[in-house]
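Structures given as structure tokens follow.
The following pair of complexes shares a single chain, chain A, combined with chain B in the former and chain C in the latter.
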Partner chain A sequence: MIWINRVLRAVFDAVLSPFAAWSPWVGLALVSLVSAVGVLWIFKRTSNQDALAAVKSRIHAGLFEIRLFNDDLPAIFRAQTSILKANAKYLWLSLPPMIWIIVPLFFVFAQLQFHYGYEGLRPAETALLTLRLEEGAEELAAGTKPAVTLDVPAGVEVQAGPVWAPALRELSWRIGVVESGDYEAVVGYGGVEIPKSIRSTDRVARLSPNKVAPHLMGQLLYPAEDPVSGAPSVEALEVSYRERALDFLGWQVPWWLAYFVLMILFAFALRTPMGVTI
Partner chain B sequence: MHDFRARPALLSIALCGVLLLAGAVSAEAYVGPGAGFALVSSCLVVFVTAIIALVTVLIWPFRWLYRKIRRRGSEKPRIKRFIMVGLDGQDPRLTDKFMKEGKLPNFEKLAAAGCYERLETTYPSVSPVAWSSFGTGTHPAKHNIFDFLSRDPKTYLPQMSSTEIGTVHKFLKLGKLRLPMHKPELRLLRKSKPFWTLLGEAGIWSTVLRVPITFPPDRFYGAELSAMAAPDLLGTQGTFLLYSTRKSGEKFQEGGMRIPLESNGNPDRFETVIEGPENIFYDGSPPMAIPVAIELDRAAGTARLAVNGDSHELVAGELSDWIKLTFKAVPGVKVMGICRMQVTEIGEHFSLYVTPIALDPEKPAMPVSHPTYYSTYLAKQQGPFSTLGLAEDTWALNEDVVGDETFLTQAYDIDRERQEMFFNSLDRLKKGSLVCVFDGTDRIQHMFWRYMEEGHPAARGKENAEHKNAIEELYRHNDKLVGKVLGKLKKGDLLMVISDHGFTSFRRGINLNTWLHENGYLTLKEGADGGAEWLREVDWSKTRAYALGLCGMYLNVKGREAEGIVEQEKIAGLKKELIEKMSGLVDPETGEVGINELFDTRALYQGPYLTNAPDFIVGYNHGYRISWDGATGVVAGPLWEDNVKAWSGDHGVDPRLVPGVFFCNREIEASDPAIIDIAPSVLRLFGQKVPAHMDGKLLFAEEGS
Partner chain C sequence: MALAAVLASLSLFSCAKAKLEKQVIVLGFDGMDYQYTRRLMAEGRMPNFSKLAETGTFGPLATAVPPQSPVAWSNFITGMDSGGHGIFDFVHRNPDTMQPYMSTSKTEGSEKAVKVGKYKFPLAGGEVKLLRHGTPFWELLEANGIESHIYRMPANFPPSGSASFELSGMGTPDILGTPGTFSFYTSDIFVNEREISGGAIYALDYWENRAEGRLHGPENPFLQRRQTLSADFALHVDPESPVAKLVVGDEQRVLAVGEWSDWVPVAFEMIPTQVLPAMGRFYLRSLRPEVELYVSPLQIDPISPALPISTPESFAAELARRTGRFYTQGMPEDTKALSGDVFSREEFLAQAKITGDEILGQYEVVLDDFDGGLLFYYFGNLDLICHMMFRSTDPGHPAYDAERDPEYLKVVEATYTAFDRIVGYTLEHMPDDAKLIVMSDHGFSSWRRAFHLNDWLIEKGYLTVKNPSKVAGTNIYSNVDWSKTRAYGLGLNGLFINVEDRESKGVVPKAERAALIAEISEELLAEIDPATGEPAVTRLYELEETYHGEYLGLGPDLQVGYNKGTRCSFESAIGDLTGEVLEDNMAEWSGDHCMDHTKVPGILLTSGELAKPASSLKELGGAVLAEFGITWSGTSTGG
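Let's turn to the complex of A and B:
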């Protein structure tokens, strides 16, 4: 999994880096377009296209029927019932391709989340760097504060901490960024040095708010950085980046909503040229 | 990839389950885009359905009130539903015969429940005329349809009697392109209102399916699907295509185009085009064309056809399903058609038959229904169906391009399409009328009559043909249809099963123009041999009479025809002379009378459009009809000749010889019912007044009488 994530990170970094200085909409639109093409391709090959076309025809016929027999209430209700039945069949037929689409989109979504979901730290901005321990950590049983160290490179300063919150199993430092750049802080715990990336940038870039333990799900959901290794008591190492919202005509929308809508729009526009019934 | 498609949805659900369990809550957010298409579409459907239904329900009381107001003054209807099954050309003599033999139990049942009579047809006894009289309740002089073809008195050239399809003459030029500034005008030349329009004016719904001469469709309160006169995509009444590696072959006499195929090095690969309608966006209106690639597998007897990005495998001897054709005029403008194909030979030579390209009912290039979305609705409901007026390709069988089996397959497939839309409409009809004409009866009798009678010239050498009993099977098929309709009748329904005319043999053809020429009524231009079609070699300055169409004959009247020479005061005398000479005309070869009577149209009926009528209707005897050359205006050739074409039965004869059938589930009061009686009778049954101009009488007793 580590290697898969490393490859995916490299690909997404390479694809999105040309758009890093631009508005997030640009890169997102490109990814949505590519995703739409991929999704249509999968949809075409994993769905029963003939059955989908037939059921869509039945839905259209029902809509025409309502219009045609608009003086006949029972006919209207009958047509509505047939539309709803056909709609249920349509959902059922859409289920297999939908499931197949989830698999690649899962990875795409996870990668995009760490490009568009957060904003980099700005110079003079502060954030929390938190070490969270597993429930079975020795210190929790003993009721003692864990012995930890934190080394930060030039450009990052430790302003306070660590503060131990045993109820949360967390040790937190307040850190500040002096100037823009890519940094690596090192947390020492249990004789192991755990590196953690910290990014200060105003561009669209991959940010890793969570460095997690090497469990499968952790790596699936937080692929932006290699997992913690050699420290079994550590659950995660986190940096509190601000969440990003995209500006759309004055409205703040989450990136995933924009991605979702754009992809749907592209897919609907491309379905005929690609010969796909959706 | 097919494996994925074949896998049950359960497998996918299992995969989904694993992902969700593994990802717990976080994974739910990831499902969104994947589910998007289905959910967005589904939600949209539910939303649109709800909105439409809501609006409809809100408007319904007002529409109900409006209908009530419109029906004010009408008497109470005596029936709830009028259902008419038209079996074009079902012959009473054959019906009697098969009923006596016990082969038509449902017809017998219907007759026993109500009545069975001969139905007087029109003069002439051809479908466009008869069905127009059926709808309007009038004689032809009031509805203006006198034959399939009429003639342009300015040019003497034939023209469609029922429809005028105009052209675009105003364009905006943009370099090589030109943008049409208006739509071509489409005009139905049938006059007088059909009864469904009159019922609609009283707020009574009608569904009218494939009644001839309804193109362009009537606009009324109801739905209508056009029939006879609806053109193919080329604008013709049906032009089949034959792609063939054979070099030989004369031009088809009727309805087809031969396109030579040449391989490009590889004898099993061909590249050609299917030409479609004219592209009016370019100067000279070149035809739109779709490239077609054909790859043969001679050993397997199959051909793979690549067209419009789709691939179709054609098995030799099997008629394909409908194939969609998309012709691109300019970016954004497409013309859609549908056709069927059949590999007719794949040995030393390869031939591919393509049916006439019908307008795609889902996206018709011309209106073939009312409302315009009705054909789309039907296509969405039951899939593609033929929209061509004369849907069964009689010409291809006539020209030996396809065999009996293919023709019958095509005819019964079309019948199945028709039955589906008919029963669908019947199930949805609560009150009002449903009229549907099934043409297969006419077409199959035209093409298979030869096997039914001894010594028919068209059956020589085919005495043991596989489809000898095609007509009997057809009548049994119709009987099943009637049985199915009887099973769906409810209280208050009135069912009529009728035919517009009967049928008889077409053994011998007579070329009327040859007779007129031989007898000094028609003169050819100097040096001409009369071999040109459409009377092009006639010297009009010396011609007093000419024949055109299947049953009509005209005088060359001064002031009416462009080069007319017959003075008004001489018309009566000339008519009398021709009637005397031609009535009872004997075929010297057989000794039989070929023409029973020449009818003076002016003595048959009166009406505002009588001036457009032929001067005579020719009443041929059983076994006779105008010859093939005579029908296309060729003057040369024999006066009498055997008909050796598959088109071996006909009805364009003396109308007294070919009445139709009239079955009804109620008794009628009137004797000698005629096809013109149906419209006024239906109006009365629905409590409507019969317009004074209608010629038909009432078939059913009035209430209280």
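Let's turn to the complex of A and C:
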């Protein structure tokens, strides 16, 4: 899983880096377009296109029947029953391609979340760096503050902390960014040095708010950085980046909503040129 | 012929363009005193003011009657006096109930609601009404196609809606609807939870290095039963170091002792799916031996304002996204926390610096964006610092502490020089042909002696109490015998005659009102302060003689112009009685300006001559318009 994530990170970084200085809408529109093409391609190859066309014709026929025989109650009832059956069939026929689509889309979504879901730290901005321990960490049982160190490179400063909050199983520092750049802080805990990326940028860039323990679910959900290794008591190491919202005519919308809406619009626009029945 | 037409149209176009590109910047420095400024300029401590005065004009600017900020700024905005714009004081009184209310705005909830179980669902939004009347001068600019950018103009909440861009200022409430209510939390079990003036003290539940408390919001508008909104917070205290982690909803901050947080968004849940957004700044005062946490008055969040604070309504959020969240409460410097002994002077000054830096930082962005028309930007920091720190500049002040005060001697001066740097910054960043106008609404004075007007009225037999043996500490609304009361004081300068058929319990026939005003005036002018040997009152202003316009009915029959150094006491201003007439002002609030208006003029400093000279606040709006070639005869009444 670590290697899959590394490859995906490299691909998405390469694809999106030309648009890093532009409005997030630009890169997002491009990814939505590519996603729409990919979704249509998968849909075409994993669905029974003839059966889908037939069932859609049946639905259309039912709708016409209702319109033509709107004074014949039994005919309307028959047509509605036919439409409902056809709809159920349509959903059934759509299920296999949807399952095929969900898998790659999940990985795309997970990658995009860390490009568009957060904003990089700005110079003079502060954030929390938090080390969260597993429930079984020995310090929790002993009731002692864990021995921990934090080394930050020039460009980042530790302003306060660490605060030990046993109820949260967390050790937190307040860090501040002095100047823009890509940094790596190192947390020392239990004899292990855990690196953590910290990015200060006003561009669209991959940001990793969570570096998690190396279990599968964590790797699927937080692929933006390699997992914590060699420190079994550590659940996560986090940086509190601000969440990003996209401006749409004065409205603040989450990136994923913009992505899905754009992808659907592109898919509808491209279905005929690509010869796909959806 | 055709060529002439083309040339004419080009000429018209260039005129119109020039008109649009004209820039006038007005900096409003609340409370900047003419005499004090002149002295610092003479001493070379305000070089940018001096530089500007050399090429332009500098002089006193006559303030309003009375010289209170809401009145003064309303004079500037409308070109009228209180009779025309309807603002006579910070507070007015309702003659039916005899209760005071805020003079500049009114908030009303929705009356119609659908009730379901314990919930009620309002059918319409509530309404916030600006009680200041009259046409703002910038409305004429807009009518002439010139953009106006009005930032934090006092007495302009809710915003007038007539400027291109507006942000409301003084008069904007906190999320509770008050002028500002801070919260102070302590783990000290011997401290009682209680409300104090401008704030409240709450207990923290504290065990095993974890303190828990509750932020208090306004009443929940969706519940039939009265219940205030609340949001829990926790403070995780490090067992070894003086540092803690604050958790409020999804927000987390790490604070060391003595540190302030940035703005922390707070969401008060009203019903599932509906939250009231607010925000606050947290100051971790102490962790040991007791946990002490100050929370600023919870503010209207500019990112998602619960009340209208800008024009257009989305402007506050746009500004906040550019500059970061900011204080939206009208007078953000927390004077009440200092007066209530919650803040030390250092803490007050630290908080005032935060507000000052925030407003200055925003000004730099605004000035950078400004590309034509009128920019008005208000700075209130000086006024509130002078209110709280003036005694350190006055060894003759009764509360002057020869050991402590010299340390703060330079605070007021440092604030003046900081404002000088604002002028310098503006001069550096504005185009050469732009006009800069620096003005203040009033001056300042040390406030040494407190005059209890209502107690004076008792002493002179104009106000009668029900229980004469228990005057001190009572309120005129609970202890006054209205059937025998001919006059009462309300507001910082106001004196009302208890007129028959006007006041609900009036006893003075209208025919006797004028004679009674004359009689009281004579006695007030004859009142000598035994401590100083000086008159306590030097000028009186009769309603009909002083004001003009259709709102005379809101004003007091007499405005009292106290001698410089004397002011109406806080107690008397809200109708409280003390049993004393004159006493030393020992409060932290040691400077003031609500006195004889001729003794506390403001300033007017301009780059170059004004197209239309102005000697008073009422004339200044017209002078600003004249810079754009617009003639303003003033609004129809109250000129």
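Criterion: the second predicted complex is superposed on the first by the 275 of 278 C-alpha atoms of A that agree within 3 Å, B and C clash if a C-alpha of one lies under 4 Å from a C-alpha of the other, contacts with A are read in each partner's own complex, and residues count from 1 in each chain.
We take it that a residue touches a chain if its C-beta (ideal position, glycine included) is under 8 Å from a C-beta of that chain, and two chains touch if they have at least 3 such contacts.
If you're wondering where the values come from, they're calculated on a predicted model, not measured in any experiment.
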Clash-or-fit label for the pair chain B, chain C on chain A: fit
Partner chain in contact with A:Val163 - chain B first, chain C second, else both or neither: second
First (chain B), second (chain C), both or neither touched by A:Trp100: first
Touched partner set for A:Phe64, first chain B, second chain C, both or neither: first
Chain C versus chain B, contacts on chain A by residue: B
Chain B versus chain C as contact partner of A:Ala269, first or second or both or neither: neither
Chain B versus chain C as contact partner of A:Val253, first or second or both or neither: neither
Which superposed partner A:Ala75 touches (first chain B, second chain C, both, neither): first
Shortest CA-CA distance between chain B and chain C [superposed frame, angstrom]: 18
Residues of chain A that lie at the interface with chain B and also at the interface with chain C: none
Chain B-facing residues of chain A, complex: 35, 39, 43, 45-48, 57-77, 80, 83-84, 87, 90-96, 98-103, 105-106, 109-110, 216-217, 220-221, 256, 259-260, 263-264, 267, 275, 278
In the complex with chain A, residue positions of chain B that touch it: 1, 4-5, 7, 9, 11-13, 15-16, 19, 22-24, 26-27, 29-42, 45-46, 48-49, 52-53, 56-57, 59-60, 63-64, 67, 205, 223, 309, 371, 373-374, 376-377, 379-381, 383, 428, 430
Chain A - residues contacting chain C, complex: 126, 128, 130, 145, 159-168, 170, 172-174, 240, 250
Residues of chain C that touch chain A when the two form their complex: 208-210, 234, 236-241, 243-245, 247, 252-256, 259, 262, 314
